[in-house]
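Below you'll find the structures, each written out as C-alpha cells.
Common to both upcoming complexes is subunit A, partnered first by subunit B, then by subunit C.
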Partner chain A sequence: MQRKALNKKDALWLGFVVLLALLPLAPVVAANSFHMHVAILILLFASMAQAWNIIGGYCGQVSFGHSVFFGIGAYGAGMAVVTYGGTPWPGILIGVMLAAAIAVVISYPCFKLSGHYFAIATFAIVEIFHRTFLVWDWVGGALGLDYPLVKEGLKNLMWYDTKTGYYYCALILFLLIFGVVRWLEGHRFGYYMRAVREGQETAESLGVNSTAVKLAAMALSAALTALCGAFFVQYNLRVDTPMVMSLDMSMKFVLITVLGGSGTLVGPLLGAAVLIPLQEYSRALWGGLGGGVDLIIFGLLIILIVVKQPAGMIGIIRDIGKRVLKQKSAAKGDSADGTP
Partner chain B sequence: MTHRSPRLNRWIVFVAVLLMLVGFGSGAGSVMAAEKIIKIGTIFPLTGPVATAGQRCQAAVQTAVEIINNKHPEIKVPLAKQEGILNGYKIVLVHADSQGKPDVGKSEAERLLNQEGVWALIGSYNSSVSKPASFVAERMKRIFMCGASSSAALTQRDMNYFFRLAPTDKTESIEFVDVLKWMNKTKKANVKTIGIIYENSEFGKHAAEEAKMAAAAGGFKVVADVPFSPGATNLNSEVQTLKKSNPDALFGAVLGADYSLLVRTMKQMAWLPNIAINYCSGYQDPVITKQLAGDADFFMGSTAYSPQFASLMPAVAAVEKIFKSKTGGVPFDGDSIQEAVAMLVLAQAIEKAGSLDPDKVAKTLYANTWDSPLSLGGKVAFVKGGQNIKAQSIVTQLQGGQYKRIYPEEMADTKIIFPMKPWGKR
Partner chain C sequence: METFVQVLLDGMLNGMVYALVAAGLCIIWGVMDVINFAHGEYLMVAMYVSYWLGFLLNVDPLLSVIAAGIFIFILGAMTYQLIIRYTIGKPGLVALLATFGLAIFLKNACMNRFSPNFLILTDTWLSDKTLHMGNLIFPVPQLVAGLLSLVVVGMIYALINTTRFGWAIQATAMDRDAAELMGINTDRIYLVVFGIGGACVGIAGGIMPSYLAVHPEVGSMFGLIAFVCVAMGGFGSIPGAFIAGILVGSVEALAGFYIAPVFKYIAVFGLYLTVVFLRPKGIFGW
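Moving on, here comes the complex of A and B:
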C-alpha cells in the first residue's frame, strides 16, 4: 500500500506540534512557571473550546451549558481522589461516560427547541446543576473538595514542584481533541454535522437523521469537555461548584471559540492563544491596581477584535493573507509594466 | 520597496506595545531584587462581589508597610519608631487580585512566589481562596499570613507556614450561644430557637456547621437552616422561610452587599427575630450604616474593631489616619485591621529572628507572644496549625449607627436593646 504524502497543511501542524513539545525544554520557559502556567491554560482552554466547537461550531447548536459537563468531569476526578482516596483515573473515566450520558438525556428534549430557545434552555440547565451541586453534601456541597498532599507523578496526575508534567498532559489533551476534530472534518459524520448546521430541514430531506446527529455530536462534545474538566481539577487541586459549574465558565467556551473562529479547526486555538495570555498577563500587570483595570482593558480588547473582525481571529489572518497576496500580485504586475 | 497597509501597521504596534508591557512587568522584579528590600505579596479580591472589602484589606497592609518603612514616632505600635527592619531593609508590596476565585488565587500565589520572587504572602479574605493559595506557599516553604479568613478548617491542616490572625467561626459561634445564654439568665429573654442564614460558600457553610454544633451544645433548637447563593439579587424566599419558622434568634453568615439586601428584605417582609447576630464580615462593614441608615440598628454581630473602640485601643487612631487617606475616609473594620496586624506581626518576627530564612521566621512566630496594639487584647500568639489564640472579638449592637459594645459584660459600654425594635416603631 502506498503511503499518503503529508500535505502542506498537515506538515505545518506537525511542525507546530513538535515546537509545542519542545517548548518546556527551553530553560527560559521551564524556569519561569508563570509563562508555563499561561501555556498550560492556552492548551487547556483551546481544548475546551474545540470540544464545544463540535456541537456549537460544526453542528450549529449554540450551547451555554457546557460547564455542566466540564463540572461532571472535574467532580469525577475530584471525588475519586478526595472522597474515595484513590487515583483520579477511574473517576475520569466515570466522569467522561456520565457527562456523555447526561448530555444525551438533557439534550434530547432541548433539541426540540431551535436557535435562541435552545441556547436559553442550556442556560437554565447550568443553573439547575449549579444549585443542586452547591447543596449536595456527597459531592462536597458549598465547601468543595480540597486535594490532600499525595505522591506526585502520572499515577496521581499531580505535580507540585514543576509544571512540566501538567504541560505534557495538556499537550496530549490538546492533540487528542484536535485530532478527533481533524478526523471528523473529513469524515461522513462531519459532513452530516455541517449539513445540520446549514439547514436542518434540507439535511433531513437528504436523509440525514438530524436528531441522531445532534445527540451524537453533543455526547462526543460533552465527553471531551469532561476530560478537560478532569484536567482542570487535577491542575488546581480543588473543585467547588462556582469554579467549574457556572455561567461564567460556560461563557468561556463560547467566547474563545467565537473569538478565534467558530466552526474551524484552528479557531479555538487562535481564540485561546489571544484571550488567555491577555487575561493572565493583564491581571498580572494591572490586577493589583484594583478597581478591575485589567478586566476593563481585557474587555476593551475583546470589543476591539470583535468590531474589527466579526469572523474572529481566523478572519483577521485571512485578511492579512489576502492583503499579502494582493501586494505580491500588484508587485508582479508592476514589474510586468516595467515601472520602477 | 513594499509598503505595509496602515491597518497591518496598527496591529503590529498593538502587539509590540503588549509585548513591551509584559516584558516590563517581569523585568521590574529583578531590578528591585538587587536592592535591600523584602518583597511581600498580597492577594485580595479587588474585583467581584466583595471587592470593597478586599480593597480595604489591601489598603490596611499598605498602611502597615508605611509604618514599618518610615519613622513614625507619633504612632504607638512596634517598629514605628525605626526606619525599616533588619538594619535598613524596606518592605515592598506586590499586589494581586484573586477576584474571589480559588483557581485565580492559586495561580496568583504561584506567580507572586515564582515570577515576582516575593518572600511571603498575605491574604486572601475569602476562606475558599486562602485555602489553595496557602497550600502553594506551604509547598514552597513560604510564610502565608492570613488576616481575616475565618473558616476554622484553615488552621486544622497542620501546616507549618500558615498563620491566621482572626478568630474562627467556631470561636464566634460559641460566643453567640454564650450571648443567648447570658440573655436568658440575666434578662429572662426566653430564647429557645435559632434560625441560621448563610451564604453557600466555604465561609458560610463552615459558620453554619459551627453554629449548629454550638447551638446543640448550648441546648438551643435550630428551626431554620437557610443557605443562599453569594451575590444574590433577591432573598425573598429565604426570608420567607425564616419568617415561617419565626426563630427567637437569627445567626447570619452574610457578607458585603448581601447583608444590606438581607436587612432590606426583612424590612420589606415586615419580619424580625428578637435578636439577630451576624458573623464578623458583613455586619461590621462601615459602609452598611450609610447604606441602611436607621434600618441597620438593633442588629448585632461580632466585631474585632470599630472606631467606637477607641478607648480600648488608643493606638489605632494615629494608624487609622494613614489608612483613611488611602480609602477616602473609610475607617478600619474588623477584617481590614487584621490584615494590618498580619503585616506588622510578620515584620516583628523577621526583626526578632534577625534573618530572612522562612523556617527561622516561622519558628520565631510560634515561639513568641507579640505586642499588637491594633488587636483587641493587645497580644498575638500562635499555636500549632497557625491559629492566633489571643484573637478576640466583642459582640456589639448597632444603636443610632454606632457599634455599641454589649458582650462580654466587662467590656460593655451600653445596655442591649432587646427585643429588636419592630420596623413599624422606629
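Moving on, here comes the complex of A and C:
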C-alpha cells in the first residue's frame, strides 16, 4: 500500500519534470525571452530555496547567512573566467568545496547559540563577508567582475542568442537539488535531521550526534547553494558584492522557502513559482513609475501571506484538500483522516 | 592619547543613540520575543517626520522629537494591532518575516513619496556648533542627541522597574497566562510596549536630522546595529543593551579611525560574534 502511494507520487513528479523539459518547445514561451527569463529564475530560486530548506526546513536551523555561500560560488565561477581567463568549471568546483568548508568552520561556533542569537550571528557574518569582499581587490572589490565575451556553449557555460541553454542548465540544477532532498527524505540522515529539529536533547538521548548532523546538513546546503550561485553569475555575466552577498539575498532564501512551506519537498518550488513571477512581472508593469511601487505591493503581500498562513502555500493547499476530503467523506458517511 | 580620547568620546556619543534605538527593540524582544525587522525603518520614518516638520513649518528637530516620538508610537501600535497580534504564539520566524515585509513596504513607500535623494536640514538651532572643553571638541548636535538618548533610556528603565504599569509589563514578559489570571490585560500591554519601543526609536530619529542626511536606506544599518546591541546585551536587558550600544559606538569609532573607515562595521559585527561565542546569551543574559 505504502509502496504504491509512493509510486503514484513519483509518477506525478516525473510527468511534471517532462512538462518542464518540454516548456522551451512551446512557441509562446520560447519566442518571448522575458517569459523564458522568468522560467529560468523560478527554477533557480526554487533550487536555492531547496538548498536552504535542507538546513533551515528539515534541520530547523534558521540561517540568514546563505548569501555568503551563494556569493562564494558566484565569485568562484566569476574569478575563473574573469581573473584567470579560463572556463568556469574549475572555479565552480573550488567554489562549491570552499563554501562547504567555510560553512563548517563558521557554523561550528554558531551552533552553540540558540534562537534569535543564532539568527543575529548569521546576519553579522553576512555583513562581515559583504564588507570584506567590497574592499578586497583580488576579488574585484566594489567594482565587481564583468564577464568578457567568449565563445558560447557548454564549455564556457554561456549562451547569447537564446536562453534555452540556460533553461536546461537551470532544470538540471533544479533536478539535482530536488533529487538530493527527495533522497534525503527517505534516508537515515534525513530522519536524523528532522529528529534534531523536533528536539535536540531528545535526539541526542537516542544516540544522534546532533552537532555532526547539523554540520553535515549545513555543509551540504552550502555546497548546493554555491552551485546555484555559480549558475546565477553565469546567467548574469556579472558579479558584485551587493548583488550576491547581501542581506537582501539572504532574506530571499528564507522568504521563498517559508512562503512555500519549509521542511517540505514542494514548498520551495511553490514559493518560487508564486514570488518570482510576482516580483518580475510587477517590476515590468510598475517598475517604471518612479520606483518602489512593485516593492510596496511585494512587501504588503509578504505580510499578508505570512500572517494569514504561517505554514506557507503548502498549508493553504492542505486546507483546501482537507475541505474537499471532508465533503467527500461526509457524502460517504465516514470521518476523514486529517493527516495529508 | 588626546586623539584617542577624542575618538572614543565621539564614538560613545554615537553609541548612546544606538543604545536608545536598541532599547526600543529590546523591550519589544524582551516582552514578546519578537524581532522587529522594521525597527530601522521606524527610525527612517521618524527622520522624515522631523525633516518635513523642519522644512515645511520651520520646526527645529529639537522640538520635532516629541512629534516624531508620538508618530512612531502610533505607527508601532498600529503595527501590533494590524500585524504582530496575529503572529503571537506562532513560530518566531513568522513575526520576523512579517516585519521584514513591513520594512520593504515602508522603505519603498518613502522612496516613492520622497525620492531616494539625500535630504538635509540646514540652519537648525544646533547645526555647526561645537563645544570646546580643554583640548576636546564636542559637536553640539551629537552631544545633545547623546544626552537626550541617555535621559530617555533612563526614563524607560525607571518606567519598567518602578511603576505599577512597568511591573505589569514585567509580569507579562515572564508568563503571559499567569499575568492574565492576575487581571492584566496582556493584549493592551503588548500594544503599549510596541508603541513605547517605537517611541524610543522615534525620539532617536527625531533629533538626527540636525546632523545626518535623511534617505530611504538610512535606517537599515541602524536596525542591524540595534539587533547586534540587543543580542550582545542579553535577552530583554535594557542595561545590557545600553552598555552594548556604547561599546558598539566606541569600537566603531576606534576601528574607523585607527584601521580604516571600511573596517568599522566589520569590527562591530566581529565584536558581536566574539561576545556571543564567549557568552552565548549576551553580556547580561543567563
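Just so it is clear, the second predicted complex is superposed on the first by the 322 of 340 C-alpha atoms of A that agree within 3 Å, B and C clash if a C-alpha of one lies under 4 Å from a C-alpha of the other, contacts with A are read in each partner's own complex, and residues count from 1 in each chain.
By our rule, contacts are C-beta pairs under 8 Å (C-beta built on N, C-alpha and C of every residue); 3 or more make two chains touch, one makes a residue touch a chain.
Note that the structure is a prediction, hence the values are computed from the model and not measured.
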| task | For A:284, select first, second, both or neither according to whether it touches subunit B, subunit C, the two together, or no partner. | result | first
| query | Is A:236 touching the first partner subunit B, the second partner subunit C, both, or neither of them? | reply | first
| said: Applying the document's definition of touch, where does A:33 land relative to subunit B and subunit C: first, second, both, or neither? | reply: first
| query | Which of the two partners, first being subunit B and second being subunit C, lies in contact with A:327: first, second, both, or neither? | reply | first
| said: Is A:154 touching anything from subunit B or subunit C once the two structures are fitted on A? First, second, both or neither. | reply: neither
| In the superposed arrangement, which partner chain does A:18 touch: subunit B (first), subunit C (second), both, or neither? | neither
| request: Considering only touches as defined above, state whether A:144 meets subunit B (first), subunit C (second), both or neither. | output: first
| Which of subunit B and subunit C A:212 touches, first, second, both or neither | neither
| request: Answer with first, second, both or neither: which of subunit B and subunit C does A:172 touch in the superposed model? | output: neither
| remark: The shared contact residues of subunit A with subunit B and subunit C are 131, 134-135, 290-292, 295
| In the complex formed with subunit B, which residues of subunit A make contact? | 32-34, 37, 131, 134-135, 141-144, 146, 149, 160-161, 232, 236-238, 240, 242-243, 280-281, 283-285, 287-292, 294-295, 316, 320, 323, 327, 331
| task | Using the touch rule from the top, collect the residues of subunit A that touch subunit C in their complex. | result | 62, 109, 112-117, 119-121, 123-125, 127-128, 131-132, 134-135, 247, 251, 254-255, 258, 290-293, 295-296, 298-303, 306-308, 310
| subunit B - residues contacting subunit A, complex | 2, 5, 8, 11, 18, 21-22, 25-26, 42, 46-47, 51, 54-55, 58, 94-97, 101-104, 106-108, 110-111, 114-115, 128, 131-132, 135, 139, 153, 200-202, 204-206, 227, 229
| said: Under the stated contact criterion, what part of subunit C meets subunit A in this complex? | reply: 29, 33, 35, 83, 86-87, 90-94, 96-98, 100-109, 111-112, 116, 224, 227-228, 231, 235, 260, 262-263, 265-266, 269-270, 272-273, 276-277, 280-282
